[in-house]
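In what comes next, chain A is part of two complexes: it sits with chain B in the first one and with chain C in the second one.
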Partner chain A sequence: MCGLLPGVLQLRSSFKMAAALQFPANVSTLNTYNDLYPDWTQREVSTGTTIMAVEFEGGVVIGADSRTTTGAYIANRVTDKLTPIHERIFCCRSGSAADTQAIADAVTYQLGFHSIELDEAPLVQTAASLFREMCYRYREELMAGIIVAGWDPRRGGQVYTVPVGGMMTRQPVSVGGSGSSYIYGYVDSNYRAGMSKEECLKFTAEALALAMERDGSSGGVVRLAVISEQGVERQAILGNQLPKFSTV
Partner chain B sequence: ISLLPLQYDLSASTFSPDGRVFQVEYAMKAVENSSTAIGIRCKDGVVFGVEKLVLSKLYEEGSNKRIFNIDRHVGMAVAGLLADARSLSEVSREEASNFRSNYGHDIPLKHLADRVAMYVHAYTLYSAVRPFGCSFILGSYDEDDGPQLYMVDPSGISHGYWGCAIGKAKQAAKTEIEKLQMKEMTCRELVKEVAKIIYIVHDEVKDKAFELELSWVGEVTKGRHELVPKDIKEEAEKYAKVSNCPSDENLDKVCPSSCYICP
Partner chain C sequence: MLNTSTKTPTGGFSFENTRRNAVLEANLSEKGYSAPNARKTGTTIAGLIFKDGVILGADTRATDDMVVADKNCMKIHYIAPKIYCCGAGVAADAEVTTQMMSSNVELHSLSTGRPPLVAMVTRQLKQMLFRYQGHIGSSLIVGGVDVNGPQLYSIYPHGSYDKLPFLTMGSGAASAISVFEDRYKLNMELEEAKQLVRDAITAGIFCDLGSGSNVDLCVITEKTVDYLRAYDQPVQKGLREGTYRYKPGTTAVLTKTVTLLTLDVVDESVQVMDTE
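Presenting the complex of A and B:
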């Protein structure tokens, strides 16, 4: 009978790791050093990464580094890992570049459709739920750690984290990616509730700079964005202007 | 203008020469044969009242409910063919459940009303099926949108309302509803008025016994749709009977509802 309109995009598992590289017969895929073939021909493209998002009164500040690696080769040193999902909802991507791009594209479609149906701006929670549904359902095939952050008229600025495996939780401040391990201490000790927009920007830039200093898979420039009722303001902090800490 | 349906009324896929789909109009007549249901939206919630005619003394009290729970925060009151209404309540529940499963939060009532109305409308397009012979009123309350009330009829149209009535006495009920200042009332006050309206429109001569079904959703229930608790319902019924009782005007007349409340 006339069924209900489709709500969810039916995904096939066609976005398994797209990097099914063609190896010559004499190349082993084990992690052995081979003079003939550089390391990066055997590695998947990964957004090594440090990503971060912080809530403040009236919006969110999100930030990311800009390095994409295939093994030890930096495939893109000016990557934009802050991806718009809707007018005032962004996601920070870490993990496999292909997986996170595919997921973000699918969620952007679903959220856009949902928003038109409802005839109002979508909730950040809805976007995060959509990410979670996909990341959990296909958890065996995916490698994606995503932070969803944005502003909606009902609940203001919100940050939701959807790490590998597909859990979803809201946090006032969240870090992710390979570089995040190095800055948990910094974030835990320096985060205060009720920071202003400028304080959040400084906090995020410094945390990212510290991570980029120590994590080999993170580096390049610091990309920042502020999402609030007024819209989105983006900026980039280039190499020589990065916050400096160490004098050695 | 074709006043006689002739052969234009046999299927929903046929228009009459004057542009009517008779099957849909007949479906609405089926609703008008059923007893009345009303829904009113107030400052802090929504109250439903249904005049449930009791056709046999052998029925268990409380059976053949005409108010359904669609989701925690959504209630549905129906009039018309009860079997059709039950089927639509299942459809609504599925919609609300799928929405929550996909998007992670309660379905907004406008969206639910639109989706179920779309479903009802689909059954008015084909000759292989007949339209649903029921209208229903959906109500919900949440902190962001406040109280919401929507009514869907067999043609598949849905409108938002402050107060609406469906069923045989809907005109009389609408007149009574229009007298209320519902935007300034609270749920507790409104419950009594809803009971009173049902008692007013109930035709004591044609339909004898009836059960009043009352439910509400609002700040008073913290956003959950529930049947009105027994003590509040009794108080509302007492208020309704006393307001309706004509025995003040004529002390010799015996109380028609035999409620023995008035001395």
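Presenting the complex of A and C:
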């Protein structure tokens, strides 16, 4: 500790002289977190991802891939990105793994508390609002794109999307994550209102398979879940059973 | 007078000094000095779940840039009687984080009156690491046995966690995971599982520069905990083949000068050591 003092005094005097110098280019006044990223930590764990949710009569179908990456290394090839928030409300997570896990934990707590206070099942819109509140308030610090989907007795199956930035909107079908860019065309052309549960499952599985084929940050298995009045049914489609499209 | 910030404080953690540090570091490097680096553990750590419990493995090298700072450090830390944690990343961060967690777990366990759950340890660790937004550079593998059976979690510096049957982390993770992906099976027997973890860590030791020295294992089952320090030493220090001693007279002496250094006694004093 004593060895530091002479050094610090030296710095003080050089700093006074340096007041006339300019700050180096890499010190910007904007988002300090990004610019001064300590270089001895690894890249942040990102869920890369393709996530999707579709409303149908009587419930929703949600789906996600299963890849979590740290830079170019796959940290977890069997991730479960479909996180339960309440008995019949799930969220699909994309973006930073740490941020989305922390947000989901916080919202699970808040929604559980709210549900006990109300003494009834919470609305999907309430869950989506809680996500939106958090994602908007801390929008500068967070990187989280979330799709909230579920079933409640009042309005049936609903899908709400809360992308990066903290907007919230209800959509009959929603895709998210880095792989979503590759399937907007497929989803727009193949979605029809009034599809049955099986049709929705097939639609979601095929869309996710196409995205996983093209997006490097998406892959692994396809995880699907159906949320309805009866409860939640989950399934996973393994690599060799994925729908195939191209012959090359 | 430097410009002072006119932003109102928002409470919580303040990162203002990081900008000052960046400026100082830039000024230092102009003069040819460099700021001190945090010592990383380099590391290969691994864990897997077998029939009766969990096995954690780690190498024992701690590096300071390109120099080995510690040839035999302990990377498997105690958290609770049946819960241990391997730490990779910055050595100090991993060490202190696990020590703090060990205290918290003991207090929590006394408060609840129950043995601790691995999920609880994971939750506390990840909430702490998330609060520090990745500035605590410790990657951890938490493994243990509790009332819910054997469990294994990995926690990254930013606070994300994964629950898996086998895991590797650290700079040698890629080498070690390849061994696991090839040979891991569910419900393996003890000896086979120990051999597999040993092989995975050895792969990290041979193929990663930041990992080396010995393999430490920790076998946790419902009944026992076996901390096997230096379970295997895949790399032995080489024995010197020849000798480099020369006979006196090998080198011819041309001249010889003797200079006497006179030292005067300036001051002689006796200081009695206080042993009270």
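Going forward, the second predicted complex is superposed on the first by the 207 of 248 C-alpha atoms of A that agree within 3 Å, B and C clash if a C-alpha of one lies under 4 Å from a C-alpha of the other, contacts with A are read in each partner's own complex, and residues count from 1 in each chain.
Criterion: contacts are C-beta pairs under 8 Å (C-beta built on N, C-alpha and C of every residue); 3 or more make two chains touch, one makes a residue touch a chain.
Since the structure is predicted, the reported quantities are computational estimates derived from the model, not experimental observations.
J.: Would you sort A:117 into first (chain B), second (chain C), both or neither based on which partner it touches?
T.: The answer is first: A:117 touches chain B but not chain C.
J.: Looking at the overlay, what does A:197 touch: chain B (first), chain C (second), both, or neither?
T.: neither
J.: One more residue to check, A:45. First (chain B), second (chain C), both or neither?
T.: A:45: touches chain C, not chain B.
J.: Quick check on the superposed pair: does A:223 touch chain B, chain C, both, or neither? Answer first, second, both or neither.
T.: neither
J.: Is A:73 touching the first partner chain B, the second partner chain C, both, or neither of them?
T.: Once the two structures are laid over each other on A, A:73 reaches chain C alone.
J.: Could you tell me if A:129 is touching chain B, chain C, both of them or neither one (first, second, both, neither)?
T.: first
J.: What's your read, chain B or chain C touching more residues of chain A?
T.: Looking at chain A, the partner in contact with more of its residues is C.
J.: Quick check for you: in the superposed arrangement, does A:81 touch first (chain B), second (chain C), both or neither?
T.: After superposing on A, A:81 lies clear of both chain B and chain C.
J.: Report for A:97: first if it touches chain B alone, second if chain C alone, otherwise both or neither.
T.: The second partner, chain C, only.
J.: I'd like to check the shared interface: which positions of chain A are touched by both chain B and chain C across the two complexes?
T.: The overlap between the chain B and chain C interfaces on chain A is empty, containing no residue.
J.: Looking at the complex, which residues from chain B come into contact with chain A?
T.: That would be residues 94-95, 98-99, 102-105, 108, 110-111, 115, 118-119, 122-123, 125, 129, 144 of chain B.
J.: Quick check: in the complex, which residue numbers of chain A touch chain C?
T.: It comes out as residues 11, 14-15, 18-19, 23-24, 26-27, 32-33, 36, 38, 40-42, 44-45, 68, 70, 73, 75-76, 78-79, 96-99, 101-102, 141.
J.: What does chain C use to touch chain A in their complex?
T.: 2, 15, 18-19, 21-24, 26-28, 31, 37-38, 40, 89-90, 126-127, 129-130, 133-135, 137, 139, 154, 156-162, 164, 173-174
J.: Under the touch definition given earlier, write down the residues of chain A that touch chain B in their complex.
T.: It comes out as residues 1-2, 4-5, 7-8, 114, 117-118, 123, 125-126, 128-130, 132-133, 154, 168.
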